[in-house]
Amino acid sequence: MSEMPEDRTSAIVPAELFTPDPQPTAQKLATNKAQAFWSDVWRRFRGNWPAMLSLSILLILAALAIVAPMLSPYSIAETDLFATYKLPSLEHLFGTDGLGRDIWTQVWMGARVSLTVGFVAALIQMMIGVAIGSISGLYGGRVDMLIMRTVDIMIAIPFLIWVSLVVIVMQPGIVSIILAFALTQWTEIARLVRGEVLKLQQTEFVIASKSMGAGSWRLIVRHFFPNILPVVIVAVTFQITNAIFGEAFLSYIGLGIQEPLTSWGKLVASGVKEMRGNPYMLIFPAIAISLTMLALQLIGDGLRDATDPKLRQ
Amino acid sequence: MLRYIVRRLIIAFVAIFVLATITFFLLRLVPGDPFSGPRITEVVKQRLQAHYGLDKPLFEQYLIYMQHLTMGDFGYSLTKQGHRVNDIIATAFPYSLDLGLRALIFAVIMGLFFGIVAALNRGKPLDSITVILVLVGISVPSFVLGGILQYYFAVKWPILPVARYQSFAHTILPAFALSLSTMAIVARYMRASMLEIMSTDYVKMARAKGLRPAQIVWRHQLRNALFPVLSIMGPVVAMVLTGSFVIETIFAVPGLGRYFVLAMQTLDYTLVMGLTVFFGAFLIGMNFLIDVLYGIVDPRIRLS
Amino acid sequence: MTNERDTILEVSNLTISFSTYDGEIHAVRDVDFTLRRGEVLAIVGESGSGKSVTAQALMGLTPIPPGIVKSGTVLLGGTDILATSEARLSRIRGSKVSMIFQDPMTSLNPSMKIGDQIREILHQHARLSRKQSYERAVELLRLVGMPEPERRMNQYPHQFSGGMRQRIVIAIAVANNPDLLLADEPTTALDVTIQSQIFRLIEQIRRQFGTAMILITHDLGLVAGIADRIVVMYGGRVVEEGLTDQIYYNPQHPYTVGLLNAVPRLSDSSDTPLRTIEGLPPILKDEAEKCAFAERCPWVMKVCRQKQPGYFPATAANRTACWLHHEAAKPLQEAFLSKRTSL
């Protein structure tokens, strides 16, 4: 047996302390499980400074997209042939293009389009993906197999090709782009949702609910949604980046947003052409789009880490 | 193992079949009549008529179309003076293949390298730099990166050729530009994979056996970290393929990607459809090969 | 006292913390114990009691960072593990001391043949030819009860069941005939029926080679047959230490009593509720001056919440960190000793 470092046994301790001290009645651990979960997620996300920074940047960009064109003295169609190719100045914060149009206004009007396309497309994808994934997971069997094979085949085709096909058939424009994305890229989300649903089906509370007669709809709404939401949100965040990139690509090759609207992709396209003489025309929209995609990536990563059950103590 | 391969093969064939069917019906969905119109010359119209059987009922047209496809006949282009799509593919594919392979090999090797270095130097500056580069590679769109590279290295400082694809020097910029976003994804995955392996029990066990760090990395970590990366090779190949659309356009490389973009811009429907089926079949084939490779390398599948 | 020549492991003052997002976790606090040649010591405690961290430290496997060894020495055959370079440690690990981990599913490299994994530890510490290491590996597999060892040498981990995998891990651990074998919850991840098989194997190895062992477990019921001495840990500290028989039949710490009561008995009827220890294990963040078990102890006194108890020699060859054994607590101590439901 080892030496005792200090002899506490003979320490002078007042005798009255050696009386019983009954335990206080245990407080009920009141937890609203759902609330606790989301506040936990938020707390972890908050600790992730790149993600928080990205979130702020995104909000600022969105705010500028809404407000800047309204406050700008110029409109995007307004040409001023006396002020073509002007460098950034106090009058034109981002300079002007070949027709004298103010680039600052164009960038923020373009922001409206690009961001809208991104978010709306991702939102529709989410609805379709969640619906199909849930059905596939819940009904299982033949239905599941059929749906999953279809998904496999759809995934085999790269998304740019899908999107190009749909746009070319539906005529280019903001609506066709959104639909092109929404209708063809829900596959990833559907897969994720199906996986989660299958996992959840094995959990005991679902089996218990079923044996108590809960119908499928009730199961879906009450139990599945809160559990699949984290995974879905992370996936949707990444889908937004895909949508923004895809729109930019299409606009770059001329099949995206049409006049009189503009988008970041269109602006980058004309910027690349003008790079030799007027690099500023490329810089601002390029930074805008890259910053947005970067911010979304970091937010997506941050959300994924914040909702990862393995990292929870 | 055999069952695994056969199943994958069947899925591949079905996928190509479905893809061809979808493109056929999509073509018919275009408003108006894609096969006529002011751009299409009379000669071409005749040829199209004969080839596609445009006067016949829809189902028969479908059969004719599928028949052609199984024989590898992709039809006629609408705008390129009625050239056969096959001829276009035959001339353009070698360029794309060359560019794609260079970019892919470079991206995979460098990506793995950066991923490993970052994971082994976790928390240290080398890791942070890699992570930042990866993020930039993923976020900045390829056409921006490509445009910038072209500007700086070919126009501003005329070190390399601006466009075309005629000598080794010509391949450098496009291949590099094409490899960037793929390199970033591979690096990211490899880093994550390595980090995950580092915290596994068998790595702890290796330490408990008395192995030195270098031995552990080489014998236990690398091999197992490569598996997940292999599983994303399919999407990686797809990325290189779609990236080629943009890069080939910027650098005027006469490959399939550029033809696809041109076909879209000129609304050359048959060419778009033909190329789509070709790309699709190519990717499905590549995915199949990668699946087989994965099956060979992973002992869990190989021995079942 | 201890026979100096026979002691192969001497742990003193071991204090290890981890720095995390949430602050500093004091995982191991002032732990000491010794081990003699051929002796089997069981370290028993709940998750979070610090037992696994202690075991890892014995091989110098504590991840630093985030771990910090704040004090202490681990003398293995005279060498202080905590003060030895990695290079020297890698010569000790796998040869003088080896470890068996909890989950056999993940302890083995999935893409390496198991024969190679055994030969790896052989080649690391001994100059053997390929033929020699092959034969030795086959011999080891036979020793741990693996049927058809030659054929199995070329197979991969996923082709074995959990119990078989753990046997392979044991084969690897004893390959170089270590002086000390650490087993961190070796059967927790296995079926109950396999558990006893594995323990019998461990016992057989101990008899055959005289290897000293430290068994880490949360289940007091498991180690009764094999352990010579038992160390009970709670809240990062040793709360009771003694010979096996004494711990089982004459436990001196309320926590030990709680652990023993928690083991269901054959004499229980099927509707007897399971006996648990109320409350949750402590979060080891604060270093408050009090007994860590105070919140859950049915015998808690005022002094327990104010001062950390020292080690009282409650019976012969035993020490217990509990104020009940202070002379001023005699009446309560007698009540405690008589109220313990005996085994």
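Some points to look at:
Here the chain labels run A, B and C in written order, and each chain numbers its own residues starting at 1.
In this text, a residue touches a chain if its C-beta (ideal position, glycine included) is under 8 Å from a C-beta of that chain, and two chains touch if they have at least 3 such contacts.
The shown structure was predicted, so the numbers you read here are calculated from the model rather than taken from an experiment.
In terms of which chains touch, the assembly is arranged so that all chains touch all other chains.
Put simply, the chain nearest the middle, going by average C-alpha positions, is A. The pair of chains sharing the greatest count of C-beta contacts is A-B. The most distant chain from chain A is C, comparing centres defined as mean Cα coordinates. Spacing of chain A relative to chain C, judged by their CA centroids, is 46 angstrom. Mean C-alpha positions place chain A and chain B at a centre distance of 25 Å. Taking each chain's centre as the average of its CA atoms, chain B and chain C sit 53 Å apart. Under the contact definition stated at the top, not a single residue of chain C touches 2 or more other chains.
Residues 1-2, 10, 12-13, 21-22, 30, 32-34, 241, 278-279, 295-312, 317, 319, 323, 326, 328-329, 332 of chain C are the ones that touch chain A when the two sit in their complex.
The part of chain B that touches chain C in the complex is made up of residues 200-202, 204-213, 219-220, 223-224, 227, 298-300, 303. The touching residues of chain C, when paired with chain B in their complex, are 59, 61, 86-87, 89-95, 98-99, 101-103, 106-112, 120-121, 124-125, 156, 158-159, 169, 172. For chain A in complex with chain C, the touching residues are 1-2, 4-9, 11, 13, 15-23, 26, 47, 313.
Listing the residues of chain B that touch chain A in their complex gives 11, 14-15, 18-19, 23, 26, 29-31, 135-136, 138-141, 143-144, 147-148, 151, 155, 238-239, 241-242, 245-246, 249-250, 260-261, 264-265, 267, 269, 272, 276, 279-280, 283-284, 287.
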